[in-house]
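Per-chain numbering from 1; labels A, B and C assigned in written order.
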Amino acid sequence: MPELPFELPPLPTIQQVIFVMIAILTVLGALVVVLARNLFHSALGLVTAFFGAAGVYVVAEAEFIGVSQVLVYVGAISTLITFAIMLTRGMMFGATSPRNRQSGTAAMITILIFLVLTALVGAIPWPQAGEPIVEGQAIIAGLGRSFVNEYVVPFQLLAMLLLVALAGAIVLARDRK
Amino acid sequence: MLSQWGFVLILSAIAVIIPVAAIVLGHFLGPRRPDPVKNETYESGVETIGDTWVQFRAQYYLIGLIFLIFDVEVIFLFPIAVAYADLSFFSVIAAATFVLILILGLFLEWRKGALEWN
Amino acid sequence: MNWSDALIQFQYDLGAPQELSWLIEGITYFIGAFILANAALVLALLLIWITRKVVSRIQDRIGPNRVGRYGLFQTVADAVKLLSKEDITPSTADKVSYLIAPVLAVMGVLMALAVIPFGAGLVGADLNVGVLYLVALGSIGIMAALMAGWGSNNKYALLAGFRVVAQLLSYEIPMVLAMLAPVLLVGTMSMQGISQAQSLYLGPINLGLGWFIFLLPGAFLIYFISALAEAEQTPFDLLEAESELIAGFHIEYSGMKFAMFFLAQFLNSFFLGAIAVVLFLGGWQGPFAGQIPLLGPIYFLAKTFFVYVVIQWVKGTFPRVRVDQMMSFAWKVLVPLVLALILAQMIIMKLPTPMWLNYILVLVANLAVVVAVLNILGKYFQREQVRSKRAFEPKSLIGVMQPARPASGD
């Protein structure tokens, strides 16, 4: 058997294959958001991207975050976005152009964010999981414990923040007479 | 643990294939005689006037916003419920305060009439 | 013994290579998922038959009785009929959302099968986040309704789509909070864990009667009402309202695409009942279920079918509510009550008093909630009765039919 000039990469594990599939799905969804001529289709693309993000969380063994992602982003936020689209005349049917004067600026900012994120991912010394992650149940319980022990002040502040958001929602959405 | 989600993945694939297969089957088994009147929007036999867009109440949007906020708060309660058995009394009071603030928000809405549907 | 472990072991015994473990696991899961999903399809036919039989009995009719024994094959005939119907796509519809919506509706419902425990070791995937997973699937149904409503490009469909989303969103909050009560008690979100916790040991024998409904009747009642709304069943079927609106968000659908929405709705009612069984009615637990494993699935299915029949009973009995009543019942009655219930349970179970006293206090709080909900419902139905009586009794007639007074002076 002749020596190869380079070493063959190891076969991808099934998790890696699934991750790549999910990643492709996410990127495709994101592309639809940007490129679709119909605003509702953009919203559907966004939902696909949200699902993909949830899938990435699950593959990373963060099931709770993954399920929360679906619950909050797919269930609530995309519904809100759709409502907002439908409440606005003109936006509902008929094509909108994905291009306008801000395309150039937007592209530049996006590329910048991409570069910064890539640099960050490369720079951070990620902790290597030496042993398999503890049981999923314990992770969720640990999360719950830290909400009411170490992070009790941020937790209460969060409740206040949500209360303020609620008040803001009422002020914004109430019919002005 | 991850392999459990493998089952979910496979089930989701099957759950997509079943309705797609049924619809494709129905498409080919049924007759196909399209005509312009049949393909019109159904409105009890009357031709549709104007856009599908009619005035929607902003109330729907408000319900969506309220739901979003409650949804986020409920999600925070679930890990606490899982950890409940080994929480101290003080921690439980902290969680209870969280729920109390939630109730406060609900009454705020009630007072401001955001829950009225008229 | 878990079913998947047993199946994997069986394949190794047949001589499957150890290094292909992911493939073996995949085959195992595929077999399990395939059986489950197809069983659900057959189940749907049975469910539609049950619904028609129950509702017709309530309305003093016989119901389907021609095709097969007891009309059992009526739904099969209906399915074949739907299969032979023309597949119409309205010319103004948005093709993408119009076509994806029915698929999504069925998918969101079928995926609930993954975490429902049918017996000890008989659960597709015993996820740690089982309860939240089930709630999250609801968002797929919401998206399907929105897509169908918007994609049909029909005023009725869009209006109904908006309404159904508002209803699903409003009742999701009390439903999730009611599901929190058993989780708080057990300390796990796994459906199998919750089932297992509802055993009751009398010495070494598992009576399997430690059902949470005995301790949390209030949470169960709120879950049940919210589940009715989530399943779009009769008191809350105002988005379908056959006699008022035309059909709801699936008005433009015909043939198999319509059948998919129909299928999704019936299976959804059944699964919401199954979740109620797991969370509150002991799941597969029952007398001697621990000794004889075969009893587990039997108990589970018997209870779930019972809950399903009760749902149909409600459907045949109660009048439909109005939109404003539906919304205010969710936000002004159910949400405050269930929040108070969770708050009470959280604090009571940590009190330094003896445990049995804590349990009694929780039960008392739950009973108070049950009384409150039933009171409000009773008052509402009384009002409705008076209102409908007035609507049907012309005042003039009432005047005529009064007994004639004897003329004075005679």
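The rule we apply is simple: contacts are C-beta pairs under 8 Å (C-beta built on N, C-alpha and C of every residue); 3 or more make two chains touch, one makes a residue touch a chain.
The structure displayed is predicted, hence computed values, not measured ones.
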{"item": "Which of B-C and A-B has more C-beta pairs touching across its chains", "value": "B-C"}
{"item": "Closest chain to global C-alpha mean, per-chain Cα centroids", "value": "B"}
{"item": "Identity of the chain that, by mean CA position, is farthest from chain B", "value": "A"}
{"item": "Separation of mean Cα positions, chain C and chain A [Å, integer]", "value": "30"}
{"item": "Centroid distance [mean C-alpha coordinates] between chain B and chain A, Å", "value": "18"}
{"item": "Chain A, residues touching no fewer than two other chains", "value": "63-64, 68, 71, 75-76, 79, 83, 86, 93, 135-137, 140-141"}
{"item": "Contacts with 2+ other chains: residues of chain C", "value": "26, 127-128, 132, 153, 158, 162, 165, 169, 172, 187-189"}
{"item": "Numbers and ranges of chain B residues touching at least 2 other chains", "value": "1, 5, 52, 56, 59-60, 64, 66-67, 71, 75, 78, 81-84, 87, 92, 95, 102, 109"}
{"item": "Of all residues in chain A, those that touch chain B in their complex", "value": "15, 18, 58-59, 61, 63-64, 68, 71-72, 75-77, 79-80, 83-84, 86-87, 89, 92-93, 135-137, 140-145, 147-149, 152, 155-156, 158-160, 162-163, 165-167, 169-170, 172-175"}
{"item": "Residue numbers on chain A that touch chain C, as the complex places them", "value": "13-14, 38, 40-41, 44, 47, 63-64, 67-68, 70-71, 74-76, 78-79, 82-83, 86, 93, 135-137, 140-141"}
{"item": "List of chain B residues in touch with chain C within their complex", "value": "1, 3-8, 10-12, 14-16, 18-20, 22-23, 25-27, 29-34, 36, 38-44, 48, 52, 54, 56, 59-60, 63-64, 66-67, 70-71, 74-75, 77-78, 81-85, 87, 89, 92-93, 95-96, 99-100, 102-103, 106, 109-110, 115-118"}
{"item": "Chain C residues touching chain A - in the complex, by the definition given at the top", "value": "22, 26, 94, 96-97, 100, 127-129, 132-133, 135-136, 138-140, 142-143, 146-147, 150, 153, 158, 162, 165, 169, 172, 187-190"}
{"item": "Chain A-touching residues of chain B, taken from the complex the two chains share", "value": "1-2, 5, 9, 51-53, 56, 58-62, 64-69, 71-73, 75-76, 78-84, 86-87, 91-92, 94-95, 97-98, 101-102, 104-105, 108-109, 112-114"}
